[in-house]
Amino acid sequence: MSSIERFETNKRMSRVVKYNGCLYLSGLTADNPDEDVQGQTRSILGKIEKFLEAHGSSKDKLLTAQIWLKDIDRDFAGMNEVWDSWLPEGAAPTRATGESKLASPKLLVEIIVTAAV
Amino acid sequence: MSSIERFETNKRMSRVVKYNGCLYLSGLTADNPDEDVQGQTRSILGKIEKFLEAHGSSKDKLLTAQIWLKDIDRDFAGMNEVWDSWLPEGAAPTRATGESKLASPKLLVEIIVTAAV
Amino acid sequence: MSSIERFETNKRMSRVVKYNGCLYLSGLTADNPDEDVQGQTRSILGKIEKFLEAHGSSKDKLLTAQIWLKDIDRDFAGMNEVWDSWLPEGAAPTRATGESKLASPKLLVEIIVTAAV
């Protein structure tokens, strides 16, 4: 099979791993955790877009996504509004969204994607 | 690599994405959220089976599954009973099951699978 | 495409599934649920290592991981300490960590990995 390429690797995780036609991204959270869910979602999607484009993919090549929200009752609609408007027409990945507390208390949303290269 | 095929795509997600020998399905929930966990699990597994068969796979080609339960202490056993009897002999995927509140309060279970084509 | 190989399969899940250059592992939990999060993490990582090596992979070929903690505020740091020291230099997978109650009350951590073969 193809070899494994890792990018932005530290002792805990790689931000990006490329293997066999797929680009795996780590779960991403917002740079500024004081923002509301829409601001955090925008921050995450901007980072996803940069990682994809830096490594031979793009947001119209997303295969699948998981979205974890700290408070799904409160923030599902707000996250969706930003998500829906960010996706290119006709290129939505499969998706699952659930509630999960995240690694630090102010984080409201974490998004994990896999894309094609 | 192979091209990406998307099915039942709206602005938020595709129900099914086919790429590179894998069929990714969105997290699926029950059509009737008034059912108990067994009814909801049956509904979901029926939908999974239809999606798989419509796109070149089948339930004996499942690779991996995640199962999210709203109340894992109460509903783990009930979900398992339906799940275990649905799977073909000798063809079980890898699986992980955790607790997560879901996108609407009455939803008790969501299942995400990836299958081979 | 390649065929699907399943290992340690029962009616509910396979511990390992090999397909198309990827090795999928079921979510793994500790053998002794009376241990603290560090003991449970060590137990899980030992099992992951054995499964990977038994089926043509190894811990320097990890692609992606999800880590589910029962109590992320209390146990994130302890889990990370064991995780960080277990990973080989320069070979970290992508990772996402969230909070989720698990299949039995004493389980503090579950880890799901996919590796290359």
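Order of writing sets the labels: A, B and C. Residues in every chain begin at 1.
Note that in this section a contact is a pair of C-beta atoms (placed from the backbone, for glycine too) under 8 Å apart; a residue touches a chain by one contact, two chains touch by 3 or more.
These figures come from a predicted structure and were not determined experimentally.
Chain contact topology: the protein chains form a complete graph, every chain touching every other one. Of all residue numbers seen at the subunit A-subunit B contact, under half occur in both copies; the interface is built from largely non-matching residues. The distance from the centre of subunit A to the centre of subunit B, with each centre set as the mean of the Cα atoms, comes to 21 Å. For subunit A, the set of residues that touch two or more other chains comprises 20, 66, 100. Against subunit B, in their complex, subunit A makes its touches with residues 20-22, 61, 63-66, 72-73, 76, 80, 83-84, 87, 89-100, 116-117.
Interface residues of subunit C, counted against subunit B in their complex, comprise 1-2, 4, 6, 9-17, 19-20, 24-27, 66, 68, 100-103, 105, 110, 112, 114.
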